[in-house]
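The first chain written gets the first letter, and so on, giving A, B, C and D; residue counts start at 1 in each chain.
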Amino acid sequence: MPDYADSTIRVRYAETDQMGVAYHSNYFIWFEVGRVELCRQLGFEYKQMESEDDSFIVVAEAYCRFKRSAHFDDTLTIRTRVASSQRRTIRFSYEVFNQSSGELIATGETNHVICDRMGRPKSLPAKYRVYFPPTTRDRAPVSSGETEAETETFP
Amino acid sequence: MPDYADSTIRVRYAETDQMGVAYHSNYFIWFEVGRVELCRQLGFEYKQMESEDDSFIVVAEAYCRFKRSAHFDDTLTIRTRVASSQRRTIRFSYEVFNQSSGELIATGETNHVICDRMGRPKSLPAKYRVYFPPTTRDRAPVSSGETEAETETFP
Amino acid sequence: MPDYADSTIRVRYAETDQMGVAYHSNYFIWFEVGRVELCRQLGFEYKQMESEDDSFIVVAEAYCRFKRSAHFDDTLTIRTRVASSQRRTIRFSYEVFNQSSGELIATGETNHVICDRMGRPKSLPAKYRVYFPPTTRDRAPVSSGETEAETETFP
Amino acid sequence: MPDYADSTIRVRYAETDQMGVAYHSNYFIWFEVGRVELCRQLGFEYKQMESEDDSFIVVAEAYCRFKRSAHFDDTLTIRTRVASSQRRTIRFSYEVFNQSSGELIATGETNHVICDRMGRPKSLPAKYRVYFPPTTRDRAPVSSGETEAETETFP
C-alpha cells in the first residue's frame, strides 16, 4: 500500500479572496480531495464505503498551518497520509506544495470518527481495516518540530 | 470593550453536504464572520483596517473541533473572543452554539499575523492596539483540558 | 400572503475574489437564502417540505444579471418573489439591492421542478398549493424590457 | 485555434448538498474553470491578462440549465466555447458531460464585459483580439432547439 497519495489542485478564481490569495477555508476542501484520492490509491472508493457499508469518515477535528499563500491558477500537490488509526478513529495528515516552486505552503491534520448514516460512532468495518491498521503511534508527524508526546494532543 | 461578540448564522442549503449536515470547512468561514463582528463591536471596521491602514489580519493557523452537527436552517451563535494578542499576532477563539438547543456544537481557534498588502508581516498600527492589548497569556483557553503550557503551542 | 420576502445578507470575506468584489456564483446561494425566507414568510418551513412531504424544489434553471458589484461587508437585500407556478414547477425572481446606496445591483430568476427524494418529478402536494397557486402568466417579469412572450422562454 | 476546450472536474464532497447532488451554484464555478482552460488552449494565460494588461473578463450575466444531477466523485467534462465576441464583450457557452455515462447534464452561457482594475468597461486589448475575433452572430448556439433569433436574447 502506498505511504501517501498526491492529488493535484489548480486554484480556482472562486477560491481567491480580495487579498489576492486562496481563502484559507479552501485548504480543508483540498484536504478532503486528498483523503478521497488516498482511499482510491489504498484500494477502495470512499463513496462505496458510505453507500454500501453505511460508514462515514466524519470530521471531528481539523487543523491547518498556512506557511505561504497560494494564488489563482497555481497548481498544488496535496500529499495525504494516514497519520494514525484506531478501531473507531482515523487521523490524516497533509502537506500542500506549490508545484511550480516546490515549496511547502501548508500542513494540516484532520481527526475523524467512523459513524453510521445517523451519525452514531461505530467500528470501522473489517474489510477496511487492512487499509487503516491500528497504530500505536503516529506514523507521520505533521512537522519535524513535534515531539512524540505532542502527537497525542490535538490543540 | 466587550469580552466577546456574538454573531448569528443561519445554515444555508449550499453549506450542507450529502451527509445532511453543514460541511466542516464552512465553520472557518463562520469564524471569519465572527471576527469581523468582533472588530465592529470593539469599535472599528475591519475593511477600513485593510483599506486605510494597509493592515491585514492574515490567517496563519486555523483549528476547529466539531462536537455536534449543524443542519440546514439551524440558527447558530458564533461567539468570538480575542484569545491573546502581541505586537504582530492576534489569536481568536470561537464557540459555536445551536440557538435552538443551546448546545455547544464546535470550538475553534485561529492564529493571525498582521501583514501589509504585499503579505509582509508588520506591527499592528498604534490606533488598533487599544483593541488588541498585548497579553502575557491566553485570556480564553479553548477548552478546560488545556494547561497553560499548551496554550503556547498550536498543534 | 406577502408579495415578496426580503432577506438581508452581509457579504463575507470568503465570498470576495481577487477582483475585490463578491464572486458571482454566490448570488445564486443568496437567491436560495431568499427562497427559504420567502417560504417562511408564506407560512411554511422549506426543510419540513423536504423531510415531511418528500418534496424538493429542485433547480432546473438559474439566471442572474449582474449590474453593479457587491463588496466585502456590504449589506444587501435579497427580494424574492414567486414569478409563476404550475402544478409541478415554480419560478422565482430576485432583486438584489445594496442597502446603503439603495441601488439595484442584480436581478435573477430560477426555475424549479418539484421532485421526490429520488429526483423524480411529482406534483406539488396539495397543502402547499395555497402558497403557490397556478398562474397563467408571470406575475413578476424580471425586467421591464421583457414582453409577455419572452417570459415563456428562459434563455 | 481550438473550437472549444475540455476541462475535467471531479465533484468534491464539499460541492454536494443534503439532496445528495452537486449544489447548483458550483456549476458556475466549473464554468469559470472552463473559461480559464479555454484561454490557455487559445494561447494565453488569463491571469496575465489581468496582471499585465489590466483587463478583467467581468461576468455580466450567467445562465445554467440543469438537466441531470451530478454526484460526489463523478468526473465531468466542462466543454467551453466562445459563443460570440465584440470589442468590449465576450459570451461563452458551456456543456457539462458526465464522463462515465457520456450524458449531457447541463448547458450554460455567461456574458462578460471587459473592464479595467477599477471595473470600468474598456476595449479588449489588441493582442487578445486574435483570440476573440468579432462575430456577427453566435458561433455556438447553446442548444439545438434555439433559433438564430433567440441567440440574441439572454433571458
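Keep this in mind: a contact is a pair of C-beta atoms (placed from the backbone, for glycine too) under 8 Å apart; a residue touches a chain by one contact, two chains touch by 3 or more.
Since the structure is predicted, the reported quantities are computational estimates derived from the model, not experimental observations.
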item: Set of chains whose contacts include both chain D and chain C; value: A, B
item: Farthest chain relative to chain A (centres taken as mean CA coordinates); value: C
item: Separation of chain A from chain D, taking each centre as the mean of its C-alpha atoms, in whole Å; value: 31
item: Whole-Å gap separating chain B and chain D, where each centre is the average of the chain's CA atoms; value: 36
item: Intercentroid distance (Cα basis), chain B paired with chain A, Å; value: 23
item: Interface hub residues of chain C, defined as touching at least two other chains; value: 13-14, 19, 21, 25, 29, 72
item: For the chain D and chain C complex, residues of the former touching the latter; value: 19, 21, 24-26, 28-29, 56, 58-66, 69, 109, 119, 142, 150, 153-155
item: Chain D-facing residues of chain A, complex; value: 10, 12-14, 29, 32-33, 36, 45-47, 71-73
item: Chain C residues touching chain A - in the complex, by the definition given at the top; value: 13-14, 16-21, 23, 25, 72
